[in-house]
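Look at the two complexes coming up: chain A is in both, with chain B in one and chain C in the other.
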Partner chain A sequence: MSFINFKKKEVQVKVVYYGPGRGGKTTNLEYIYSNFKDRIKTEIVAIKTQGDRTLFFDFLPFDMGKIKGYDVKVQLYTVPGQVKYDATRELVLRGVDGVVFVADSMEARRQQNLQSLKNLQENLAIHKKSIFKIPLVLQYNKRDLAEQDIPLLSVETLEKGLNSKLKVPFFEASAVVGTNVVHTLKKIISMTMASVENQLK
Partner chain B sequence: MDYNLGHEQLTEIEEVLQEDLMGMGVHCVIFIDMAGNIVVNLDDGAIKHDVYSLAALAAGNFGAVSAMAQMIGEEDFSLLFHKGEKESIHFSKVLADFLLIIIFGHEISLGLLRLKVAESIEKIEKILKS
Partner chain C sequence: MNSQNDRTVAGEVEDRLKDLFGESEESPAIAGKSDSPEEDSPIRKLKSTILSIDWEISDDVLDKLIKEIGGLENTYKDDKNLLVFFQLLDSVGKYVKSTKANAHPGAIRLLNSVYNSLEIVILSKGITTAEKRKILHVQVEQFKKLKEKIALRKAEMAKKKEVIPPEIKPAIEEKEEDVVVQVEPEVITEKLPADISRMTPQETVAYVLAEVKQLIRAEFKALRDELKL
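And now, the complex of A and B:
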């Protein structure tokens, strides 16, 4: 949950990047970091395995400026995507305010996307949150791979498989190149802030 | 974990931490929630730690250790202590949703710190419940 400090006039919100392993969650954060270095005072915190996979989470705090006189600090987290790290994913979701689901557009990853989205729903439920109510944005990542003739799922297929019931905003993206990474971020921040804003005096 | 802290409660918590803990010479006190948000942050002015990252890692660390506790049949480990050569970190749980983190140097005795922490937590819990 967001923490509003009425004394310091500061709001902290937590946005989590979720999705299947090797889908590009960490790459999203790395792109954001390299693009907004002047506004980010710290380094990315990354807890990785030796093979460079996310073990616990990545963390990037981000100053958003002021809304209604409050300093807004957005805390971006990723979860480890590998199936075996479910306990860790559940932990990172504690107190989450908004979620970006990074889906892998590769045809071969169709099943992993569906599995991971279902896992998100289950883990949110543990924290008494509904996937239908929490601010959520879908990102169909790796669209750039089409140029390398790697078979990709069409956006229609992705929409049908992942978003037919949720009906949340989605972006076609490439985290490596940076396409729509910032749009995805702006969208989730504006949706998350809309749900926090009415609590600000 | 849903909570709301008013201006007055925050001021009171800050006073307790300032008097009881900063007053004994610790370097930094961070009071956070289990989501990793900073509720109160005090330091002696001499150190500049990245407290937001520290808070995120501390909440994650505590969560991981709690999961380990449950695996061996404990509900929780209520305190953690990491000893460094010059600086050490002491974590203690406050009610179900908060964590008190203290960074201190080797000149402070751990026994005295624990005593002071226990006293402060008692006061803070009263404030949180009020």
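And now, the complex of A and C:
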């Protein structure tokens, strides 16, 4: 659950970008940072391995300003996508309020998407959270690769495989180009804030 | 936050998001086909294959990569510079295939880097031979550095192996430990330990198995070559 300091009138929400390795989670955060750093006035923190892969997590905090007199602070995290870093993913999910699942649209990544979503469900369960209840947005990334004739899964296939039971909002996106990166972010923040409100009722 | 003001809160959130990220995102259209020069180039499929390679390296993708390279070597058989590019890709590809997830992280990076340079060399109009050689030289140097790093890593691992007391020595050694880099030719290959007398029985069995494996591979290769003829 989000961190709320009634005394200081401060609300902190944590959004985690989850998904298979090399799916574009870090690219989402990098796009947000590079395009809006003047407005969000913050720094992105990233810990990489030698091969430029996310080792622990990327972290992008920013203030949303005052909402109903409360200072709202949003923290965006990514998790390392590689299977071997499962303990890290589980750790990053602690206290999560909303999740963006970044799926890789490449045909070759179909299985990895399914495995990663299942892994998300399992790791959320460890923290006693349900994938069906947590604010969740699906992002079908790398749609731009169609331009290069790279075989992509159709949106229908992705929906059937990943979203037929969840039925959560989804976006076709290209994190490299920036397509729908902000739409995804806005949606998850709106949903997460609504969920925080509901929890306070 | 007062729960009685749900709609207002949602509205305020919306307003704050608009302030931060704009009224409506530009959402550049996801276009159909581009006019990029590589679209009709023979290396288009190679790019697709290299993009498919990530840490979850599968034999299928790497076999495809090696096959693509073989085809391109044939297509560009008269261009010595390009052939070296393909040899680099082939060597790194085979190394990654043999070591899989244990491959040095620099190997995947080099694969991408060599491809990007190759793309520049093939697609740049009016590029001179000297320029091509310069680009190639950079990649060859990177390749040599990678070989050094792999050799160093292997040496470090061997050192660690030495200090492990025999009773806790792992029964199954990682395959990566047997991978070394040859200086010439530009191919990364597996090298087997030669001094059997100093080996433990487990190492001897592993060595003999590897020898048999190599022999079978060689036989199959010879057979394939013969069939091609």
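In this text, the second predicted complex is superposed on the first by the 197 of 201 C-alpha atoms of A that agree within 3 Å, B and C clash if a C-alpha of one lies under 4 Å from a C-alpha of the other, contacts with A are read in each partner's own complex, and residues count from 1 in each chain.
The definition used in the following text is that a contact is a pair of C-beta atoms (placed from the backbone, for glycine too) under 8 Å apart; a residue touches a chain by one contact, two chains touch by 3 or more.
For clarity, every value in this text was computed on a predicted model and none was experimentally measured.
On the shared subunit chain A, the superposed partners chain B and chain C are arranged side by side without overlap.
Legend: residue contacts after superposition of the two complexes on their common chain; A:V100 is shown touching neither chain B nor chain C. Shared-chain residue A:K14: touches chain B; no touch with chain C.
Put simply, more of the residues of chain A are touched by C, taking chain B and chain C as the two choices. Of the two partner chains placed by superposition, only chain C is touched by A:V177; chain B is not.
In the superposition on chain A, contact is made by A:E147 with chain C only, not with chain B. For the combined model, the angle formed at the CA centre of chain A by lines to the CA centres of chain B and chain C equals 100 degrees after rounding to the nearest 10.
The minimum CA-CA separation between chain B and chain C in the overlaid arrangement is 14 Å, rounded to the whole angstrom.
For chain B in complex with chain A, the touching residues are 1-2, 5-7, 10-11, 33-39, 50, 52-53, 56-57, 59-60, 63-64, 67. Only residues 1-3, 5-6, 8-10, 12-14, 16-17, 19-22, 25-34, 36, 38-39, 44, 47-48, 51-52, 54-56, 61, 101, 105-106, 108-109 of chain C touch chain A when the two sit together in their complex. Only residues 1-3, 5-7, 12, 14, 41-43, 45, 47, 56-57, 59, 61, 73, 75, 77, 87-88, 91-92, 94-96 of chain A touch chain B when the two sit together in their complex. Chain A makes touch with chain C in their complex at residues 11, 21-22, 36, 39-40, 49-53, 62, 64-65, 67-70, 72, 82-84, 106, 108, 112, 143-151, 172, 174, 177-183, 185-186, 189-190, 193-194, 196-197, 200-201.
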